[in-house]
């Protein structure tokens, strides 16, 4: 197949073999009793003006990925190259400055705002932290921001709890774009919102991306939303990337059995489409004790002996540099439903 | 006996209110519907629309003294639940009507073993069962809800098992007394999709086997599409549309239902194409507009929506909606 | 700076709890009153006119008797002065406070022995203690001592507790670990005994007592603050601030502290009353502030050993009940306002 | 014993010199009694008991704490309860409480050696231990062994019996001599030691302290402990055929059959016990009790009686001790001014209800050894002004004297709660005189430590007494300027040293008395001690069926209802008829005229 290669934007963020292991402590002296392998060597690239989606179920490490990239957690190993600098290694001072250009939107729009501050104060905070502008300039900026995210100027004097969830998320977005970032990590930005509000926020995010050339790292458990938002998608399972592909392909032709199962499990709002279900048995194993070999082998319907012993590498699928799959049987073209 | 009294579960003109700092607010206002034996009725709506309150009203489990049922009738197999004395109520609760909740961890007693919790329910409702019989029945139940290695699970505490397993345990408890009606309030919302799929399958399967009726409450239209036979759409404490599941998804009549269906991105929707939106937000209970409650967000609002509350209009045998635009009109199936 | 509506709501709720609200007004009034106690209860005259000159003896240095024509160099006895002016009519006069006794002087009489019962003519409205000191005077000044002491103690323990607790919760790790153990050990020290031992060796003046009590009193609020901070710092808004590049200090002082404030406020009235109780108990046991500092504990001790002088015990016990009740009412109302528990049952 | 408590007036007990105690020596070949000695005895002195006294009855008393041990030496033995046990241990000789002459106890006669170091004794052959074993001369040898043993863990006794007593010489089973280390004027006060039952203790071992905690030692006195309930009460029983019951000075004494001590932990509660009739007597020396608390029907109806008995015994040197090493007290004028600023009279008149007497100097009550012409400085503001002016001090803005920025503000260290009310009055009065007192109340041991380290400005305290005035430890320069000595004023005066040295070296009583008077004048002149109060009496409340002799006590009586104590104890008796009469009256509501006895036999003029 010689699909035309689309022109690609230059990379903005490259993550190379990033690992984040959390020690589990216990006892009087808080000795390390174990390790949670939240991220166990992930690599990917986010291109300018594009969205990279990360999907996966709870505990797969997607949230950790977002936070580690922003170095809200100090990574165990690996690199996060942003604007040519390795964020995992730069000194705190430079990091603080760099953070202006990478921001985050959180799942819970109420939790992520300081309830004691007015919207004005919340939005002023980024400028104050970085010592930018005088009061008049800041005021003007804040009003602009409010306008950008579709809120009234009068909202400035109100407190977060006086808003509905969707409006709060708008405030969160306004804060995230206040410093003109280039990258925004969106961590489940709509999953706490009511369905009728979700679309408003998604539209806003798209609009902002278009206007400002933003890149998003879009994290969600909702494959439909991720697919809608992203150019390419990473599917994670237990701290590992199992599949990485352009958004359309992942839906049309998922390769990894986990991806397939995930897609088949998503309930579709169409009662007439009674599909065959690929039901996965069992639960997600604990990231404290990931299975040996392929991490998915405990639930995989296609499991071979090899899968139990040997960990599959994330390799290009069928020579396509944009498609990577970590499965021993990826070349066999088996569909599990 | 009226038809309502005769039916399996029939709610008529239910009004439930809560005392808050803003005064008494009606979380559920004048809703009526019925559920048939062996069928699944889905109630769908956004947070705060009154769907959970409806469920709690049915088994009279409202928090006191803030919440109370102000009016209406709830007929369950010929008895009006609202007039039952408390001791009779307990015979129905858990025995003929069971309920499962969204967060299985908080619904289970954290310091009691799983086995004991299942056994306890049976002990309450079948006082004549021996300990051994209860133990065996528990194991059997757990097997039935698909818990692998039930013997180990019996001895475990709730926090030691996964969320999916906990929800299965909840279902096992709910099924312990072979209820005629199962009320499931967002039973899969806290679960991962792969687990959700398992639970949904399980519920459908169990319904087939036991013939119980299910009242399935969720905000997820996708889930509704999979499980429900009949669907009620609620908005701001009122029912706005009721239809069979096929009709609803194919021919949504109420602008709100239409908006909902078109605003969610689907796996096959084109990337980053602007989504249809329902503008604005749900009015708060303390600040309900006169007339139609959806008027501030409705794209097809007309003058009378502002002042006159619309009435339920039957569009077909199985389909009715509450909208001025539909008055006098029937949509052919 | 605008008070956020959540707080405003709490304040409103507090105001609506009448018992607590009026208690707060009452206790504030008491405190203000006691701060200016010299104007109501004092042996010095408020105003003296003598030989065409006016004197304001209340605040400032003592005026020796000779200035007013007495034959002594020590402080003028203004009661006698007033009496003298009255007996020998002239333009001179002296205006005495409501209760013309200070808390230290012994109003002793020939052939009659204290404690003297309440007397309006003598202006000992609550009587005198066993060495002829005015009880009302000692009560009010004792209240001032106790409340100021408790407030100081409150600030000291809260100062330490809040900063340390905040740091423990925020920094976590080894710092937290070490102090956790320290607190655990600290809380197992029987504080009262330690204070008794220390204050029997050291001179127990107010400052030292305060230091000792603060030294052992900081743990509970530290623990509370640690927990609160811990909870607060894992909240997403802190993460958001970090992502914005905010410094730790900014996060702690501008965000975490204000958000944990309600917890501190809830505990404060109870801490205040326990401070009063602690000081009173120590004074009662004789390990508190040195004599002759006016103190409730000392009065209570006198009352206990002189049950027949009913006015001593009844005055100090009523005063204590009143104060503690008021403070507790305030505390209750604050807690109710800040953390309303709506009682819910299920049918 | 309860009396010791009720006299809150007695301050720090610094040394326990009070009692007779010494002891004895190893023996070589049988020694000969010197022939040049004169055997003495005393059957001439007046009796002080009452010959109408009857035997019988139960006497109930109370103690604050249960003793931690029944041992009288070693750790934890120094409780008030020790007096009860030791009260039943006789010595070789006693002191007549009124004439202060030697009277027999275990020894029937005695003799002095001209060397003024040795005293000879003949034991009463009838003397037996409570377990029936005879008391022999060897028991006195054993006292020395016992008291010198490291196993008793009592350094003070170890030291005393080594430094003061040289040896005990045994001539035969009932004849012995006790030899002091050095010649002394009042030898009999040192060598009249107690016996210790060798047959009871045998060889002492390192487990002595634990082994004898709760064992009851055989004794020679009128009572023996019969049973006890740990933490609650102790009962003493009168010996039916006590060997000394008919001795001249023991006759008609030690009358009650049983004495019960119950533990009552609080003074106020103890008073309630008395009012309920659960204990028989109560010490009411304190003004509060004498004047106020006894104004109740119990006394008004005559069921209980009050007695005020003046004694004439050595008075504790109570007062303010100025530390002359402190800058402010280096100047004599300032010491005088301080003394004149202490309004002791006001305290006596208006706080202490004239119940206390002004102590004129530190050595009152020592008979001829006391100087009646030394009078304490009286409160005198003008005199203070003169003294201060002479030293160049003036009143500051707050009325307190200042000079070069130094205020005349001194710290008064004290340790007894009840004294606070006296001190606050002194403080207010001193303020008028221009001197500021800062009251520093410390725990007893902390105060003691502070004073012993000479860190005080002014110490408010008293010393316990001995039979003769002791000057050397308090006023000799050899004890000045160093810690852990009793010269807490740091008196350092060559003239004083000379007088004290002469006093100590002299074996001639008349000369000693003359020197004693001189020293007391000198102390007054130095002005480093402001004497305060004395309480030359005891006051007791008792139910009316408890009877006392016509003169209810002796010159030396510290309590009228001390059931034991060979010198002054056991004078009272139980009147059964009156008890029954009173009980009947109480039941019927009949009353008796109230009785308050004031006995002024020994009142100081």
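The chains carry the letters A, B, C and D, assigned in the order they are written, with residues numbered from 1 in each.
In this section, a contact is a pair of C-beta atoms (placed from the backbone, for glycine too) under 8 Å apart; a residue touches a chain by one contact, two chains touch by 3 or more.
Small disclaimer: the values here were computed from a predicted structure and weren't measured.
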Chain ID, smallest distance between chain and overall C-alpha centroids: C
Selected interface, A-B versus A-C, where C-beta contact pairs are more numerous: A-B
Length of the line joining the C-alpha centres of subunit B and subunit C, rounded to whole Å: 57
Distance between chain centroids, defined by C-alpha means - subunit A, subunit D (Å): 90
Approximate Å spacing (C-alpha centroids) for the pair subunit A, subunit B: 32
Contacts with two or more other chains, residues of subunit D listed in rising order: none
Residues of subunit C touching at least two other chains: none
For subunit B, residues contacting two or more additional chains: none
Footprint of subunit C on subunit D - complex, ascending: 267-268, 287-288, 291-293, 346, 349-351, 353, 381, 385, 395, 397-399, 417, 420-421, 423-425, 427-428, 431-434, 438-443, 445-446
Of all residues in subunit B, those that touch subunit A in their complex: 46-47, 148, 162-165, 192-198, 200-201, 219-226, 245-246, 249-250, 256, 259-261, 263-269, 271-272, 274-279, 281-282, 297
Of subunit C, residues touching subunit A in the complex: 2, 4-7, 177, 181, 235-237, 239-247, 250, 255, 258-259
In the complex, subunit A residues that touch subunit B: 57-58, 164, 166-167, 194-200, 202-203, 206, 221, 223-225, 227-231, 247-248, 251, 261-272, 277, 279-284
Parts of subunit A lying in touch with subunit C, wherever the complex brings them together: 28-30, 67, 70, 72, 95-97, 99-100, 102-104, 106-108, 111-118, 125-126, 129-130, 157, 159, 161-162, 172, 175, 179
